[in-house]
Structure formats: structure tokens, C-alpha cells
Amino acid sequence: MLELFRNPKNLGRMDDANATATAGSLACGDMIAIYLKIDEKTQVIEKAQFESYGCAANIAAASLLTEMVKGKPLEEAWKISWVDISEELGGLPPIKYHCGVLAVGALRRAIRAYFKNREKPDWLPEGPTPEEKHALEEEKLMEMLARRYKIQVGKRG
Amino acid sequence: MLELFRNPKNLGRMDDANATATAGSLACGDMIAIYLKIDEKTQVIEKAQFESYGCAANIAAASLLTEMVKGKPLEEAWKISWVDISEELGGLPPIKYHCGVLAVGALRRAIRAYFKNREKPDWLPEGPTPEEKHALEEEKLMEMLARRYKIQVGKRG
Amino acid sequence: MPSDMLRDVKELIKAHGTPEREVYLDGENSGMVFPEALRAMVNAYRGLRFAHPSITHRAGWESYEALYEATETIAGFIGAEAGEITYTHSGTEANNLAIIGAALANKSGRRKIVVSSIEHLSVIFPAESLRKVGYKLVEVPVDREGFVEEEAFSNAIDRDVFLVSVAAVNHEIGTVQDLKGLVEIARDKNPDIIFHTDAVDALGRVKFDVRDLDVDMATLSSHKCYGPKGAGALYIRDGVKVEPILHGQLSTQRLWPGVENVPAIIGFAKAVELLDRNFDAYVARMRRLRDMLIEGIMSSVEHVILNGPRGARRAPDNVNVSFLFCEGEAITVELSLKGIYVSSGSACTSRVLEPSHVLLALGRLYEEAHGSILMKVSPMHSEDDIRYVLRHVPEAISRIRSISPIKGEVG
Amino acid sequence: MPSDMLRDVKELIKAHGTPEREVYLDGENSGMVFPEALRAMVNAYRGLRFAHPSITHRAGWESYEALYEATETIAGFIGAEAGEITYTHSGTEANNLAIIGAALANKSGRRKIVVSSIEHLSVIFPAESLRKVGYKLVEVPVDREGFVEEEAFSNAIDRDVFLVSVAAVNHEIGTVQDLKGLVEIARDKNPDIIFHTDAVDALGRVKFDVRDLDVDMATLSSHKCYGPKGAGALYIRDGVKVEPILHGQLSTQRLWPGVENVPAIIGFAKAVELLDRNFDAYVARMRRLRDMLIEGIMSSVEHVILNGPRGARRAPDNVNVSFLFCEGEAITVELSLKGIYVSSGSACTSRVLEPSHVLLALGRLYEEAHGSILMKVSPMHSEDDIRYVLRHVPEAISRIRSISPIKGEVG
């Protein structure tokens, strides 16, 4: 994990991405952006990159996930769960589970975004998966907290 | 105090005592016996001795008290309070106050015993003094505890 | 602390003088520390392993690692999992957490707590404190050696019982309870009970395995098993519900707020490691010293009673004898003058000289309880220590007896 | 403790490697110890001054003497009497005793507790726990530097207030509260209140005198002022009523059962003695290092905000800065790789990444709170330490920023 934090792979924005999404938010204190370049014909992921505003585990999880999906068909990429991430990272401590969840949430959102104006495949579920729900929940929780503390998230001054 | 514990003065039973009393009890875990030899004419204490079943402070207090009353008229001896004992001993800790109190209680009981069959002087109060009361209370408290624990104080087997 | 005592204590110490030799036998009140355990604690401080174990930097991780390994050592020694250990700072705190914390989590309607009449006050008092929130406390009597009366115990366990607490080894008279038997009786009559045991005086003295005994909670204390002060622990079987009794910032554990005292816990684990590795040798050594002490005293002083059982049913470190016609605290001072540090069941520490509730519960006469002296040997003591003690006990007792108004006509 | 974490932490440590130099700045989470204080503790163990201080033998008396002298040192440092100090094992425990213990003794009908919104959680959580027994908790807001809003504070104090608790110095942002002024306001509006202050972060940093401030209770913690772990203390003004919250065997004190951790208290007193003797020099040194650190960071890194006040109104040891567009925990790991140990207001220690309630109470934006880094200098740090830190901070921040999807367009 520390190795991936120190030397993350697939780091940075991607200009020729054709699917992009974020999960988490500044307010959460954890945010992951995923960029995919998908081959239109084969629906195989050619390139995957990420950016992260988050802890070391977050960065490592995103780096690992982008590494795992490279060269995979979307259907297979979709099936990666946060447990796979956690195991690959050598077992995330429970308080870090959400990092894996967030990374997978971002990936799935990117895949959904890709199919927004395309024909949806059979394997893509209608409703949100647990990971997507979790990402949503975390974002909402933080909005709630923000209201409680009467704090604005976003631009300063 | 430790010096008096180590080398107590006036220790031991007195065969020619004409006034004797004890305060406290075996059950209390603290018991002092005081023996006085009083000059019948002058009512001056000629000799004073003690025995103690009690802690080091108890022994020291009794030793000191017997030393203090030697050569004193009974009226003066009566006036010695546990505070005097405590001060002489270099300040007893609060949990040891009762040792001084018990010693004074025993002395006053012995003086009362002396006047049992003699004419009572003016200075001898009717009711019990705080020290005498305390000795009584401690004895009673232990009786009560003994009942609670259904324990007999006294001879074994 | 009353402010005029310091001067007096200074005078006491001055008048006392320095004894030629010192033999510390007051392990009941405060335990000696294995030099290795002390060193382990000091090294932890020097190596930054005092850091907060849940903070994300190397010092924190090393602290976590050390804490975790210590916990595995301690848990392993009692047959538990690391995840079942909660640290407090003392056995007293762990007993409070066990009893009050379990009551706070008690959603059942059951409101009865059963303890033995010779439990440590840090078990009895928390249990008593629950009376004001509707709990009933039953104290089961013990026989003359401190063993829980099985029939009375069995009768006390009914459907209303929520918690049972019986110590594995009694702290004053060393009775090694038949804990497994008691657990069976209790579960037989009421399978829903929580069974807690105060194992503070069992650790390192008898084999103690929470699975084998089938207990739900067990209290441990570092300084009572030759670790440094500042660490107690409560084993809570996975699934048993306990609520925190103090509140604040959490670190690695849910039930006791604040940063763990990692260096003290490291020292605790080092002590446990030594106890584990040398268990048979230590027990044999302590038993030899114990019996030397008991037999030496009984054969050289008259009118002495041994409190508690003998042989394997007695903790190997425990010596508790009553010197008739003597007041115990006077004996402790007399022996102290020779550098022999022991305690008395009638220590004058409370306003009223109430003798030890443990000895009274055995059916001891007051004068027997008041004259009781408690000594604990340890793996750090030698035969020379015991010989030194035996050389001085007879004259100490005869001096105290010479002061007493009770000369044997009572007795 | 989840049982699969040890392996991971071991791997983390291995992957981390040993840094060329280590600078420990996480005094907020766990304090460094003066070598003299550690030595004093160790010597106490070696000299039998671990003995129970209320037992009647020489070791007990020496322990009592040492405990008493330690207490005089500690009490003297805060202008209290020895008899007004109660020891616990941590500041967390002392805060619990202050708040819950005072509530247990509260015979008045008053049921309101007033605290500032930036108190330590070991003050806020116990106060919140009293809600279920009928107490009302009012959290008074603070300004952008952490100073209690006087008008809101004054308005919160009415005839129903029973207890007020405001820390002398805030633990995260170093705000040195005008405590004397707040006490006056409070007593003016309600002379019956009990005023408690958490002085854990004040000791050795600012002059702190309980009589001068006219407070009723004050919490202290050994490890936060360079003493060993295992000792907290609560000053309770003579006459203020507090009931014990734990139960068990008492030693020299009424309010916290169990044997005092005398060796730790001796170490605590040694630390206090050093702080007292070198007060001006230590404060000057810390302030110099603090300002070096703050100015060095502000001048070498862009988009940095200082949290908390400046100058004399800020504790001399406290540095708290928010690096915008950076997540704090990632920074702590990045700096750890260089051997620089700091903590973050957004430490991932809770399931939800709730940022520090202190920073949010200041009106900080979430992203400011999440990027906050807390460093505490001490009298044990040198200018070389600070230079080393300053050499590595800019590159650490720029690396974390390079990973982030937020590049300054927000901000």
C-alpha cells in the first residue's frame, strides 16, 4: 500500500478520456476522480487514470484499481468489488474500507457515464450497486454535517 | 512516635494499682489498659502503666499518656485531651486520632473507677466526656458489626 | 491528603532508619516489577512507542504494532483473542467496567447480581452501587477455607440473575476456586447469565484459560503479575455486551476512552511473557518459598492460625497467618523495623478498624482477623529472603505480645 | 482491535523504512517525556516507591512521602493546596470525574451545563452523557480564532446553570482563552456555578494559577506536559462537592479508587518541576521554534492558512496550518516517510471522515479542515529539528497536490 502511495501508477488527468466520474467530495475529505479511455468497438478499457484528494489508502486504492482495469472489458471491470481491492492491498483496516468502496464507486459511475448516450448492455444493473450507494451516502452525510455546522463547501471569498 | 513504639515507657501490668480500666476491645482491634497508683491523700498519680493491643500509634499514645500523668494531681490528669497527645506525638494522622482518644478514654475511665467508692470531686463531670463517649461508641460499633457478621468475640474452642 | 502528614511521615522514616536488608512481601497491595518488564517499558518510551497507536505516521504504526503484539501475548496467555481485550489503567477500573458496563448494556429485565462474599472491594462496591438503579446483590457465603458454598451458590442462581462474579483466586487467602464447577452450576441453572471472574491474583499462579473455564469476562492487572503500574485489562468474550462507563476520544478501543498507555502495556506483556515461559519453574519456586514461610512460622511461633487452604488448592504465592493476641498493624511496623514489608488484614486505613471482610467471611474471630498478616512471595524472592524473615518473626511477635493486655487467657 | 491488522501494519512499517532523522511533533496525541521525568519514574520503581502509600511499613511511608512531595510540587505549580488534588490515570479520566462526579453530587435543582464548542471530546462527551439524566448542554460558539464569544457566553449563563467548562488553552489551535474574564462574567450572572477548566494544554505553556483565575476545578495530564503516561489529575477547590464515579478500595484519596500510580506521579512531578524552574526559558524557546515553523511554512508554500491566533494569544507550542487542496492524512503519511511525525485534524480514525469539530467551529470550510496539520514543538526540540521539517514540507505538499483532482480552481 505504502509503495503505491509513494509511487502511484496511472496518476493524473487524461485529456482523451471518453468516460469520467468522481466519487466523494471535498467535504467528505475524500474524493476520487477516475478517467477511462474505452475502445468503442471492443468495449475494452485501454487506459485508466486517477486523481485523489484523500488519504494514503485512498490513493493506493485508486492506483491499484486503475491498474486492475487496464485491458479489461467493461463487463469484467464492473465486477471488481471493494473486497478485491482490499485484498490486493493486503487487507485494508476497517476504517479504510470506504477508500476501496469509493474507488469502485467512482469506476462504476464512469462506466455508467460511458453508457449514458449509448445502448445499455444487459450486465449493467438498473439500480445502484452497494458501492455506488455508499458513495452517494457519504456525499449526503457530509452535506448533512455541513448543514449542521452551517458551513459552505466550495469557493472561498 | 516510632521511638515510643520501639521503647515504650511504663509498659506492663501493675500489681499495686488502685485504679484500672480498659477502653476499646479485642473486636475493635484496639484495646488499651491503664493502671494507676494514686496517692490516697494528695490524689496525685504516683505511678501509671499501660498495656495495649493495638497499632504502633496506639502503643505510643498510651506510653506517652502514662508518662504525662505521672506526678500530676487527678484533676490535672483529667484535663489532658486527645489533642494534647496528638500534638506531643508530632501530629497523629486523622485515621489515628482514635488512638489518642482511646488512651484518654481509658485514663478517664480509670479515674472514674477510682472515685466509684469515694467522694466525687467537683471537677468530675456527671455525663461522659467526648473521649469516654467515643470509647463507648467504638465498642458498640464493633458489637454491631459482630452481630452483622454473626461472629462471637471471645473465647475459642 | 491532609497537609500536616508529610512532616510526620518524614519523622517516621527518619526514626525508622535504614534496615540492613529489605524483603518486600506486600505484593498484595502493590506488586514488584520484573526488571525485564521495567526495561521493556523504558525502551518503549525511548523508541517512540509511546505514540498514539491510531495515528498515521511511523511512530504511531510502531506503537500500534507493539500494542497489538502485547495484546496477542496477554490474550494468548489466557486463551483469548486479541480482539477480546480492553485495556484500562488498573484492575479496579477493569472490574468497574465489567460490572457497571455490563449493567449499562443490560437490556434484559434480569436484575440480580451474584458474587461471593470474599470478592475484592472493586467488585463488591460497583455491584453495590447498582442497587440504586434497581439491582439486587446476593453475596454467597464461603466455607472456612474460602471456597464458595456450592449449595448456596446454586440456590442463588435463578432466572432473574444477570451477572455472576467470582474470583479465580482470592487475593487475601489464596483460595483457588473451583471456577469451572461454579460456571457449570451457574449456566445449568440459567444459561443467559454473564459470568465474570476477577483473575487478578490468578495470573501466573494457576493455569487460567477463559475458554476452558467458559467465562465471559475476566479482569487482569499488570502490577499484580510483576508488570509495571498503569495497565489493567478486561477480557470480554466476543459477543458479550458491555457499554463504556467513561466518555471521550477513542483510540483503538471502544470501551475505555483516551490514548492507551502503550509503554505500560508493553511492560505488562513482557511480564506475561516471562510468566508464560517459566510457568512451572516460577510456580514451583513460589510454592517452595511459601511453604518454607508457613512451616517456619508455624513451627517457631505459638498460637498461629493459617488462613485459607493448603497445598495445591492455595495460590503458590500466598501466606496469610493470624497471630493471636497481637494486633496486625503493630506487627507490620515491628517487622518493618527489620526491613520486612508485609500487610495486615486489619490495616488502620479506614476510620473504623473494620477487619478484613474476607477473614470475617471465613468465620474467623475478630481477634484472629485483627492479628492477620499477609505476605506474598514472588519469583523474584530467594530462600535467603525467607530465612531472613523467619529469623525475625518470632522476636517481633513476642515483643508485640509482651505489650498486649491479652496474654493467652483468651484463646 | 481487528485481528488482521497486525500483518498490514508490519508491512507498512517495512515499506516505510527507517528515516534518516526523526522529528516527533505529535505532542497533541501523545506527549514526549523529559528524560529526567522518565528517570525519576524508573528510580521510583527501583527504590520501592511503587509501594502502596497508605500501608504501614517503611516502603509505604516512603511512597507516601514521595507521593505527597510530588503533589505539593504539582499543586504548587497551579497555586493549589496538596489536599485539593485527586489523581486519575489520564486527563480523559479527570475530565470525566469533574463533570460526571460533580453532577452526581449536584443537590441543586440546576440542570444546565455550559461549555465552549471547541472543548476536548473528553469534556463534551461526558457532558452529553448527562442529557439522559435530565441535563441540558449548551455549546457556546467561538470566533474565527477560537475565542469564546463573550456575549453568547454571558447570555448562556442563567440561574439554571450548574457547571461551566472552558479550556484554558485549546488543544488543537492553541487559543489562550481569557479565562479570568469568562469566570468573572459567569460568576457575575450566577454566583452558584461550578467553573471547571481543562488545563491539560495550559500547563507549562501559560501562567496558570487556580486562585488567580478563581476556577473551581482544573484538569491536568502528565503526558501532555512531558511527564510519563499513567497520571492525570483533577484540582478540586476545597469545598466543591464531587462524588466518585468508580468504586473500589480507597488509598489516600476518596475520589478515585485503587492504588495510586506513584512512580508515574513522581515522573509527572519531575516534569512539572522542570517546567516551573525553566518556565520563561522554555516558553521563549518554544515560541521561537513555533514562529520559525509557522513563518517558514507560510513563506515557502502557497495556499496555506494558519488556524488559531498569533503571538501571545496563541500557546507557544502550537502550530496548526491548513494546506488547501490537500487531504491531511495523506500529508501525515508523506511527512512520516521523512521521519516527521505530525497529526491531521481529519485523521481517518472514525468511520466517517468527520473533520475536527474544533476547526469546523471556527467557521473553517471543510476542505480547510481536512487539510489541516497539527504540530507541537516542545522544550526538547531544536532549531535543527525545525529546519529539517521546513526543508521537507514544501515538496511533500506539492506531491500531495499533484495527486489531487482539485488544483486551486476551488479556493
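Order as written gives the chain letters A, B, C and D; numbering starts at 1 within each chain.
Going forward, a residue touches a chain if its C-beta (ideal position, glycine included) is under 8 Å from a C-beta of that chain, and two chains touch if they have at least 3 such contacts.
Note that this is a predicted model, so its numbers are computed, not measured.
Removal of chain D from consideration leaves the following touching groups: A | B, C. Distance from the chain B centre to the chain D centre is 54 Å, each centre being the mean of its Cα atoms. The distance from the centre of chain A to the centre of chain B, with each centre set as the mean of the Cα atoms, comes to 86 Å. One inter-chain figure worth recording: chain A and chain D are separated by 38 Å, centre to centre, where each centre is the mean of the chain's CA atoms. Taken residue by residue, chain B touches two or more other chains at 55-56, whereas all remaining positions touch fewer. Multi-chain contact residues, meaning those touching two or more other chains, occur in chain C at positions 2, 5, 12, 16, 56, 329, 333, 348-349.
A list of each chain pair in contact follows: A-D, B-C, C-D. Interface of chain C with chain D (complex): residues 1-3, 5-6, 9-10, 12-13, 16, 19, 22, 24, 26, 29-33, 38, 42, 45, 48, 50-52, 54-65, 67-69, 71-72, 81-83, 85, 89-93, 95-96, 120-122, 125-126, 128-129, 223, 228-230, 245-253, 257-259, 261-264, 329, 332-333, 335-336, 339-344, 347-349. Residues 1-3, 5-6, 8, 11, 13, 22, 26-33, 51-59, 90-96, 98, 138, 141-142, 145-146, 149, 151-156 of chain B touch chain C in their complex. Contacts from chain D toward chain A in the complex involve residues 2, 4-5, 7-8, 11-12, 15-16, 325-330, 333-334, 337, 346, 348-355, 360-361, 363-367, 369-370, 402-406, 410-411.
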